[in-house]
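For reference, the structure I am asking about is given below.
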């Protein structure tokens, strides 16, 4: 367990010292959400109605933006090759990195979501449901993102193609995420969302590790 | 330093072994055996597959044909090798010591402590410095320090002396010699002369360009 | 000569060699082409002259379904071929599986696009709109995105041999995900529009519709098989040219 937690701690330390990356993502999240009223008009009733969708789209885009740093830097500086010689299997390393990735990208977004909720005229109950759905759904986004980042790790312009690959896979997360907030069968949606996250988090490290070991050489 | 044999009797044996990448065979029909306490130097012009051979032995690239094995090693003990490639795998934002400590934890802190290792490679005074400020040669020394913090019998070194000064060359020689004394194996690709105190421990494999 | 008499392993190994594969399957190409053409002639004749078309309007729109249904089937069948090939690449490291996977991706995208196109042509008279966010059409659209992503991924890799294993991983991840996507989209569309619009193709289908549909179904499937085989041959030739170029470049260097 020690090496596993070491990797998480290492990634967190890198992110905290990595300058403004975390802050940039949070800003991106808030700005994307805040731009929508300019596009659809400042109609509070309309905004409140589409607010859950806006929050989810903003979170989705922000997480896509943060993907590039998941494996790419480690590939460039040779760390990935060395990680494959370590005591831990690569899939465990990937799992640790995905968890750290969630902590440094998704968690700040969730913490910043009250700002967006206020701007978009959400009521308290909707906001609490939004928090819940983000907490349950973002692990799946991080896991799918890890697969996309792993598949494109050896491609020089991989940052461009990864979102194209991940977006279709993430559609169920969006559907059930927004469904948790708005739909009439919101409890069913919430359970589906949780199941999806569990499955994605459990399987993605293996798929991502397989993709990395096939791509790296 | 008092050196003693710490590794079991090991032999790296490759038979009718060929490697390459992208479907192109770079080096083929290689047969060699390296026993514990010996060093194999890979020589040959650029593009003859020295780096690819090392990556293949490290298990990163699949061999094109043939096979190799580290005889005498127990697979349950975990990885048996250190790979030191062209890229130093150093995180610029972390201090020199933090960089090394990460690998001590990940690879098992079975060797000397990170501070001692930094002392050995001549970075003792810089341990608190951000690794981003290291020069190319100093980064190389940090990468070499990684070999010392975890005991592993097989070292695969790709151009270990790249970017190092004269004193650094002596350091590489010293490290390799110390590792051989303890019964370890070294396979190094190099263009520089590495003169070890015991010439009889050194084998040379010259790769030639396939025509 | 016949495939059955030779042991399975040797047959398997023999088609692993690209040259042997081309030689073996090259003979199949012309018979397949002729069979496909014949099926299309029969199928189209049935569609235009035997299918019920008493009321001209309904008959005409119905004829689109003879094209639409086979394409919709192929859009999923091709992904199945790709997923099986991906398994072949990852598990057995069969060289021809790589080629099959790569050749199938653009074809799958094409058939999916055709399914969507004919679907919206049918939707215009049937529903009064070209595009309806109906569960089936939406999940086909998502499938098209996945195909296009895979095609883009193939083009992004410099080294096609390395690409194959990576893309195989992604293809399998997609294969696991497609049912989930389909389920979620169905859930989503029933939520927003309780009564589904498309229930035209019930189980009770008169034989004069079923026969042309079946023939067209086989015609399109054989069209895919022919194109797939031809695309595989082309890909093998392209790889051979690339290897020769690289070898020539290396020879020039030394």
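By letter and in written order, the chains are A, B and C; residue numbering begins at 1 in each of them.
Just so we're on the same page, contacts are C-beta pairs under 8 Å (C-beta built on N, C-alpha and C of every residue); 3 or more make two chains touch, one makes a residue touch a chain.
Keep in mind the model is a prediction, meaning the values are calculated, not measured.
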Handout entry: Chain-level touch network, classified as line, ring, star, complete or other
Key = complete
Fill in the blank from the handout: Winner on contact count, chain pair A-C
Completion exercise
In terms of CA centroids, furthest away from chain B sits chain C
Problem - Innermost chain by mean C-alpha position - result: A
Fill in the blank from the handout: Per the C-alpha centroid definition, the whole-Å distance linking chain A and chain B comes out as 37
Exercise for the section: Would you mind pulling out the distance in Å between where the CA atoms of chain B average out and where those of chain C do? Expected result: 49
Practice task
Between chain A and chain C, tell me the centre distance in angstrom, where each centre is the average of that chain's C-alpha atoms.
Solution key: 32
Handout entry: Touching two or more other chains - residue numbers and ranges from chain B
Key = 21
Fill in the blank from the handout: Within chain C, the set of residues that touch 2 or more other chains is 162
Fill in the blank from the handout: The positions of chain A in contact with two or more other chains are 217
Problem - In the complex, chain B residues that touch chain C - result: 21-24, 47, 209, 211
Problem - Partner chain B, residues of chain A touching it in the complex - result: 2-3, 6-7, 10, 13-14, 17-18, 76-79, 81-88, 216-217
Practice task
State the interface residues of chain C toward chain A in the complex, per the touch definition above.
Solution key: 90, 142, 145-146, 148-149, 152-153, 156-157, 162, 165-170, 172-174, 176-177, 180-181, 183-185, 187-188, 191
Fill in the blank from the handout: chain A residues touching chain C in their complex are 147, 150-152, 154-155, 157-158, 161, 164-165, 167-169, 171-172, 175-176, 179, 183-185, 189, 192, 196, 203, 207, 210-211, 214-215, 217
Handout entry: List of chain C residues in touch with chain B within their complex
Key = 159, 161-162, 243, 246-247, 250-251, 253-254
